[in-house]
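Reviewing the structure listed below.
Chain IDs A, B and C follow the sequence of writing; residue 1 opens each chain.
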Amino acid sequence: MKRSPPILAAEQLTKHYPLKTAGFSRRSGIVRAVEDVSLTVLSGEVFGLVGESGCGKSTLGRVLLRLEAPTAGQVFFAGRNLGAFGSSQLKKFRREAQIIYQDPYSALNPRQKIGRLIEEPLSIHQVGTRRERLDRVHWLLDIVGLQPDHAQRYPHEFSGGQRQRIVIARALALNPKLLLADEPVSALDVSIQAQILNLLEGLRAEFGLTYIFISHDLSVIEHIADRVAVMYLGRLVEVGPKGKFYNQPIHPYSRALLSAAPIPDPTAQRNRVILTGDVPSAVNPPSGCAFHPRCPERRDICPTKVPTLRQISPGRWVSCHLR
Amino acid sequence: MTRFEALRDLLRNWSASVGMIVIALVLVVALIGPAMAPYDPIAPAPLDRLKGPSPAHYLGTDSLGRDIFSRIIHGSRISLMIGLISVTISLVPGTFLGLLAGYFGGWLDSLIMRLMDMLLAFPAILLAIFITAILGPSLPNTMIAVGIVYIPHYARIVRSSVLSLKEQLFVQAIAHLGGSHARILGRHILPNSLPPIIVYATLGMGTAVLQAAALGFLGLGAQPPQPEWGAMLSEGRQYIQIAPHVAAFPGAAILLLVLGFNLFGDGLRDVLDPSLRSQ
Amino acid sequence: MRETVLEIKGLTTQFRTRRGVVTAVDGVDLTLGRGETLGIVGESGCGKSVTALSILGLLPKPAGKIASGRIFFDGRDLVTLREADLRHIRGNDISMIFQEPMTSLNPVYTVGFQIQEAIRKHRHMNKGASRTEAAKMLGLVGIPEPEMRIDDYPHQMSGGMRQRVMIAMALSCHPQIMIADEPTTALDVTIQAQILDLIGRLKDEIGMSVLLITHDLGVVAEISQRVMVMYAGKVVESANAEELFGNPAHPYTVSLFKSLPKIGGRKGTLEAIPGVVPSLLNLPKGCAFQERCFKAQSRCRQTPPWQEIRPSHRVRCWKPVDQ
């Protein structure tokens, strides 16, 4: 096991949103997007965050990077409490942690040439002279596999995969240590996904980056992550090293999730655990363990008490009454 | 869409092309016309009163014997200025208010939009009359009045653009990079709000000319002897029966210019409308 | 040998755009047997969706047009049918479900009303009988308490439920063929498993054929008996599912499989396909894949032949990959 200090640590992170009342409807309530999440991310690792829509993984990512303030709980970056940061410290923190977005088509200003686009973080933080910034932009274009003369073009002149490269170049402009990759390949064609995954992996190795990698695609996570965390309705249900997780998932939801993933091989053995029912709403979560209505192994205790995330073997954490 | 592609599409759009030609025509007339006009637009010539169109006076003369053709030429400068200045007076504060209201939301949004609603509650012409009455009838005051009346329209359009742009990923990305509000507003939101503003401003020029003409017609605008087309229309009203050309030609000039602006503005909107872009 | 229920010969569909004529589907042949699931697989722009729309005459007019080819169904050529006759076939003999159930369902009518509409139109039942039938269909697709849900509006249902409603609508008239265009792409993995399972079961119960269109190779492998791979408007390979996945022959198919991250697959860099899909306005002479192909030769500048390399396994290539 790597003995590196945690670059990011979250303690009992919670994020609730008030439900907006639209028009005349008097619906009120709270969306419990993230509920009591604690985790650590080690320097240099790829921390995979997996879950289906509505599980809160994107919200968790945003709160971890302090793009939004949590409702409760703390986040520590390199030992410092982000909650105690003033606005100028927060602005400096932006140089150390950046985001790669899911949708390359809307993440770039359509009216800006991409050279300016990539230079913008440098100009926001007033790094270097104009000349130095331009050199850095050319260097960034090069490391993501684009040409220097591309700097004069507009985003719409590029394909989806190329636009994602531009997004990555911009994210790296300030030399961050931590990157939040929020579904970075989900919007791309299958044949382009591999190119971008390779690029991300190569950059990580070359610059010693740390990734928090969010995806709903289990095969992508399996390829790139070192550790895997599974979320369900705002809570972590399982965390563990990749190999052990994929070999033998412990939580019933993890098992169902893995077994549901379609396998591109018609002859493969399928031990399908087909879950009944729909993903419940985060406004009205089920009592006790949020997964119990759909859990094939449900027992009497499950609807009554919320399970806690416990370490059941070195490095493996599960939140379930039955494990 | 690059600027080159936008220009090319604009030229292919017949509405925009015709509009551009008309506006260009008026522009040329406004620029060099006054130097080449055959007669003095202001000096009365009582011996030539109310003469019909003839080779000596292409468009006839008015009640003071002045050549209508020359007056219209001089008036073109005035009308174009009215369009430009009124729109600028509306656009600048309107855009500024719309940006603030849309971006910051909350109480600022409510305050600004309620103020705008109050302005909008008045019919444009009534409000313009009111303002002109306070400031005193003159051409500059007409331009100010018309300008003020249309501020809420720009504020609304810009606010609406800002609301949807605020949610765009590329705008949020700048905030995530540490960018300030000023930077986001100035470099990212404003430039992307421009298309509807440009279209509205172009169409607004036509409206401004019409409103100023109406005010001039009511005697609140350009004062005699200025050859403003609306005022000319008003002067010609009394002679409709015996010398219709005195009112008809300034009226036609107003029609032509407003039509030109409208055609161009419509064509521009078609070209800039994202749903029709070939991407 | 299965009875053939749909046969397409030489279908060519074109679109008039501002920049010229785009051939979205170029000489596609296809046969669909009774009770069979045929998967059409390819990336964005390959023409798979346009093929489906062409079958039912649902191309956007006036830009889209079937330029040539024949579509034989039930003894008739659908290309030559009048709109009135096509309308009779749509929803009745051949039905279609789409990717985004929210935009395919009318938000101002209840779910029950929309199903009943289809039933009354094609099966000539009265109001009472059609309501009973609609409830039966909802139950068939696994919606709990169908007599109550029948009066729900689309926005009151989750994505998975809405997709089930779409399937119920598509099945309500017992069609011979169901065309499913990316039916599960917008759904979570666990819901996707439910829907694919449902389609498979219903297909067997009703004896329906399914034309499944998707970019997801895993989904195709799950439920298809035969598979067709499309690239830039042409079919480049077609075979039984096991044969295609076991012995892919076209270099595009081979490269695609190699570039997929797979659970339990090889680690390290993925073998990405270089380059991007060429624009349909600017295809190279001959084979559209040659610029990205690892086996490209000068001969590829001539349109490759459509040849049978093994029983029922056809490839459009000069030098298919050997096994």
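Basically, a contact is a pair of C-beta atoms (placed from the backbone, for glycine too) under 8 Å apart; a residue touches a chain by one contact, two chains touch by 3 or more.
Keep in mind the model is a prediction, meaning the values are calculated, not measured.
Farthest from chain A, judged by the mean position of CA atoms in each chain, is B.
By number of C-beta pairs in contact, chains A-C lead all other pairings. Mean C-alpha positions place chain A and chain C at a centre distance of 32 Å. In terms of their C-alpha centroids, the spacing between chain A and chain B amounts to 51 Å. Multi-chain contact residues of chain B (touching two or more other chains): none found. Of all the residues in chain B, the ones that touch chain A in their complex are 1-2, 168-171, 173-180, 183, 187-188, 191-192, 279. Only residues 43-44, 144, 158-161, 188-194, 196-197, 215-222, 224, 241-242, 245-246, 255-257, 259-265, 267, 269-274, 276-277 of chain C touch chain A when the two sit together in their complex.
For chain A in complex with chain B, the touching residues are 65, 67, 90-91, 94-95, 98-99, 101, 103, 106-112, 120-121, 124-125, 154, 156, 170, 174. Those residues of chain A that touch chain C in the shared complex are 52-53, 159, 161-162, 189-195, 197-198, 201-202, 216, 218-220, 222-224, 246, 256-268, 272, 274-275, 277-279.
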